[in-house]
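Next come two complexes built around chain A: one with chain B, the other with chain C.
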Partner chain A sequence: MESLQLLVSGLANGCVYGLIALGFVLIYKATEALNFAQGDMMMLGAFVTLGLTNDHYWALPFWASVPIALLLMGAFGYVLEITLLRRMSGQSQIAVVVLTVALGFIIRFIAGAIWGHEPQSLESPIAGVNVRFSGLVLGLDEVAVILVTIVLTGLLYLGFAHTRLGLAMQATSQNQLAAYYMGIPVKRVSALIWCLSGIVATAAGILLASKGSIDPNSGFLGIKAFAAAVIGGLGSLPGALLGGLVIGVIEPFAARHVAAGFSQVVPYAVLLLVLIIRPSGILSQVRDKKV
Partner chain B sequence: MSLLELEDVTMSFGGLTAVEGASFAVNPGEVFALVGPNGAGKSTIFNLVSRYCTPGGGDIRFEGKSILGCAPHDIPRLGIARTFQNIELFEHATVLQNLLIGRHTHRRSNAISEILHLPGVRAEERRHRLAAEKVIDFLDLQPYRESLIMGLPYGVRKIVELGRALAVEPKLLLLDEPASGLSAEETDDVAFWIEDIRKVMGITVLMVEHDMGLVRSVSDRVLALADGKTLVIGTPQEVQTDPAVIEAYIGLGDDGADE
Partner chain C sequence: MRIVFKTSYDADLGLFVHRYQAFWYVLLLAVAVGLPFVMNDFWIGEAALMLIWAIAGMGLMLLVGHAGQPSLGHAAFMAVGAYTNVILQTSLGWPFLVSFPLSGCAAALAGALLALPTARLHGIYLAIATLAVSVLAEDGIVMLAPWTGGVSGIFAPDIKIFGVGFNRYVNAPGFYWLTLGVAVLVVLGYRNILRSPLGRSLVAVRDSEISAQAIGVNLARTKAVSFALSCGVTGLAGALMGHFAGVFNHETFTIFLSITLLMMIVIGGLGSIHGAFLGAIVITFLPLAISIVREFLNERFGTASVMPPGIETAAFGAILIAFILLEPMGIYGRWIKIRTYFELFPFCRRDMFRRQRGYLRTERIR
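Our next item is the complex of A and B:
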């Protein structure tokens, strides 16, 4: 029973990592940019929602704040692409990495200046409520995280596989040059990807902040999400989620069974192991080139 | 009225003039070939017409209207499709999926009805699928319908790329070296298909090609280029016997005219 409870809370954490990783992979797939500010976008999205809904700030109803925050952060992602990232096209990948790392610093600074550096919780209707399943006590927040992640991933999957825009995004990620001559506005698609990625990050942030707390440094969770994305195979959406779940589940078990101090290292040990055994990730689409 | 017109088009990269004062017109229903030694400016003309680059001077008109204000992604909507010298396919997708992406500009449905898979979407899906199947039948791609591009041999990829351009249902088809790297039999197939593309589908073809045999057998008119300058425009016979063309090929010793 105890293991089951550890499993559920691990899955819930893993879903948050998975969602951050999903945003990361979305951008990487479509534009080949590594967005190291993805975790900070998650943190910013959480703070925007918190700023809108917490009594201490604007005190708007929770269900009104969520769509506003999602919209604002979607717009933020869109504007980032058209003002900054677009200018980097043709530059080396490392230049984009440095840019997004710097962007992370700036977002952290701004969040700290506006909302302070103390950890805060999002006042959401799902926080602090427990549900019982035959002797198993689960937080409603944990259940919500898992459900929202399933729904969001499902929607993203359907959107990618069946909509005109989704197909355009897939095509862009596979071959930009060819995509242009299929009539796909590649630049607008890239901006929409950043928009979508901002929205997914905010969803992750809202879930994280309602089941725990956030502070400006919560963005460093993005490192774990990056590990999740690599474990899953960069470029694979289901892989990102799977990687997130793997790390999320390992953590509480490691904390329970491995000596303190070592437990935090376990997810990265797994990352190393995956990189050694399957360098392109668990669900990677990269195969050896035929010569 | 000619379908495509270039008027005094000039393009230079840094100090190098790749195309100098190119003027020609492609008539509806004809097969027009660009030939010339390597570096003559053939691919640059292709990239100019498909708006991959913008000329330093001159004008390019399609159906009488200048296209210099268009972005590359507007080109297929105008009715121009192209292939690439180095094959640019969607590697992780199947042959059928590649052809269906060619239908992108013809899709009209919105995201919500697509996710819910409403009847209108299904009808549209069927229409595009039918269009793609027609291309598959035309190019004999049936055995590869569900194969991933990354596993296919070069010759098949080349044909898939031609098929994807046909799925766009263009008025003008730009073929960048359609026979390069193909065997003699495959080249014969390509010649046969180009004939049909022109006659049966009524599509005008502008192509860059080194294989003079193919150029002779399919093109109505040929433009010979050297060092960015137009040497001569005429029938394949006229161009091949033109002293300036012979000079450009043999004089430079760059690229055999009869490969």
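Our next item is the complex of A and C:
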């Protein structure tokens, strides 16, 4: 029973990692850019929602502030793409990495300047309510996290595979020039993918902030999300979720069964192991070119 | 405008293109050596720090700029160098002249060990794997507390070479000259590697792994050697950094140090030794400049109350973004443009450095 409890809370944590990784993978899948500010966008999204909802700030009803926050952060992602990232197309990935890391610095500063550096919790209706489930006590927040993640991943997966926009995104990522020739508005597609990624990051942030607390340094969870994305196989949406779950589940079990001081390195050790055994992740997206 | 007329194949391999170039570099070295006679100890200390950054940057530049293998984990190798150096001196009582090269060797060995399993990784996968190494190293230092002092840190003993002390505070010029000497040796070694078969094969691997393989470059071996050399040089920088800081613990060598190193060489200009130095100048003096500007504003306009904390990092980030957007080739790239403009004056054309429009192609199909 105890292991089951650990498993569920691990799954809930893993889903948050998975959601951050999802935003990361979305951008990677469509533009091959690595957004190292994804964790910070998650943090900013959480703070925007918190600033709209909490009594201390604007005190809007939760269900009103969530869509506003999602819209705002979507617009934020869109603007980021058209102002900064668009100019980087065709340049080395390392330059994009440095750019987004610097962006993360700025986002962290902005959040700290507006909402302070103290950890805060989102006053949401799902926080602190317990659900009994045949002897298992689950927080409603954990259940919500798991459900939202599954729904979002499924929607995005189907969207990528079947909608016109999804196909355009896939084409853009495989060969930009060919996509241009086929009449795909590549620039708009990239901007939209950043918008979408901002929305997914905000969803992750809202869930994280109602599950626990959030402060400007929460963006560092992003590092675990990168690990998750790579374990799952960069470029695969179910892979991102899978990688997040792997890391999320490993963490509480490592904390329980591995000596203190050694447990926090286990996720990274697993990451290295996966990379050594399967260099392109569990659900590998790398294929050899057929000539 | 100068025309270099080469009459032998050796001219292609020379350290300098022509005699005037040699003259300028010797002059630069002379100025660098003479710096302590005109500057006070504070600025000499900062200059020494700049040189340490430059050495670390050259280590990373070899890997990222010339071998094309991105690494986000070089702080780990700086840590290996710093801890090996200090532990050899304090526990075994070995002199600095022995422990310092050995610390570089230890870091090189660590790098080669990492390269063996990761040689199959490309691009971003390698970056994330090295990122994991950086995180692991930070925790590893805490776990190995009996040797490394863990959270409470470890004191670097004073450097003594033949009875002369090189403490940073007591003998600032001495410490500066020591780092300058190491930096010059590393530059010479770096230059020589670049004009050796190894250097050529590094560049070949960077530009196209398939073509490199086709002309007979052993990929795994080249990558392992580039990792070892790069990590070794970074380890040397770490050892010097340890002495510069005086006392250090796991928080000295965080993931931020790795990221800062990478930012440094990207700002300086990837693929050139100059880039490492230019980037080091920016990394060392930008925080200083920002704090000077901040103090000036506070005094002049009394803005101390409205300046939120952490504005330095934000300003740093903004300047980085501006650099990357406006000059993707780094400071050295900009310098080449300016130099060419004057060399060709008045015949320089505007489109001369216009890049071919780049389009993205997936790296998931290869």
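The rule we apply is simple: the second predicted complex is superposed on the first by the 286 of 291 C-alpha atoms of A that agree within 3 Å, B and C clash if a C-alpha of one lies under 4 Å from a C-alpha of the other, contacts with A are read in each partner's own complex, and residues count from 1 in each chain.
Here, a contact is a pair of C-beta atoms (placed from the backbone, for glycine too) under 8 Å apart; a residue touches a chain by one contact, two chains touch by 3 or more.
The structure displayed is predicted, hence computed values, not measured ones.
Trainee: For A:Gln174 in the superposed arrangement: first (chain B), second (chain C), both or neither?
Mentor: So A:Gln174 meets both chain B and chain C here.
Trainee: A:Gly159 contacts which: chain B (first), chain C (second), both, neither?
Mentor: A:Gly159: touches chain B, not chain C.
Trainee: Kindly classify A:Leu11 by the partners it touches after superposition: chain B alone (first), chain C alone (second), both, or neither?
Mentor: In the superposed model, A:Leu11 contacts neither chain B nor chain C.
Trainee: Does chain B (first) or chain C (second) touch A:Ser89, or do both, or does neither?
Mentor: Second partner only, chain C.
Trainee: Is A:Ile184 contacted by the first partner chain B, the second partner chain C, both or neither?
Mentor: first
Trainee: Check the residue A:Phe109 against both partner chains and state whether it touches chain B (first), chain C (second), both, or neither.
Mentor: second
Trainee: Which partner, chain B or chain C, touches the larger number of chain A residues?
Mentor: Looking at chain A, the partner in contact with more of its residues is C.
Trainee: Touching A:Phe262, do we find chain B (first), chain C (second), both, or neither?
Mentor: Only chain C is touched by A:Phe262; chain B is not.
Trainee: When the two structures are overlaid on chain A, which partner does A:Leu275 contact: first (chain B), second (chain C), both, or neither?
Mentor: In the superposed model, A:Leu275 contacts chain C only, not chain B.
Trainee: Let me check the overlay on chain A: which residues of chain A are in contact with chain B and also with chain C?
Mentor: 174-175, 177, 180, 285, 287
Trainee: For chain B, which residues are in contact with chain A within the complex?
Mentor: Per the stated touch rule, the residues are 50, 52, 71-77, 81-82, 84, 88-93, 100-102, 104-105, 107, 109, 111, 114-115, 117, 150-151, 164, 168.
Trainee: Please give the residue numbers of chain A that touch chain B in the complex, ascending.
Mentor: By the definition above, chain A touches chain B via 155, 158-159, 162-165, 167-168, 170-171, 174-175, 177-186, 285, 287, 290.
Trainee: Can you tell me which positions in chain A touch chain C when the two form their complex?
Mentor: My answer: residues 28, 31-32, 34, 84, 87-95, 97-99, 101-106, 108-110, 112-113, 117, 173-177, 180, 223, 226-227, 230, 234-235, 261-262, 264-265, 268-269, 271-272, 275-276, 279-281, 285-289.
Trainee: Any idea which chain C residues touch chain A in the complex?
Mentor: 64, 70, 72, 117-118, 120-125, 127-129, 131-133, 135-136, 139-140, 142-143, 255, 259, 262-263, 266-267, 270, 308-311, 313-314, 316-318, 320-321, 324-325, 328, 357-366
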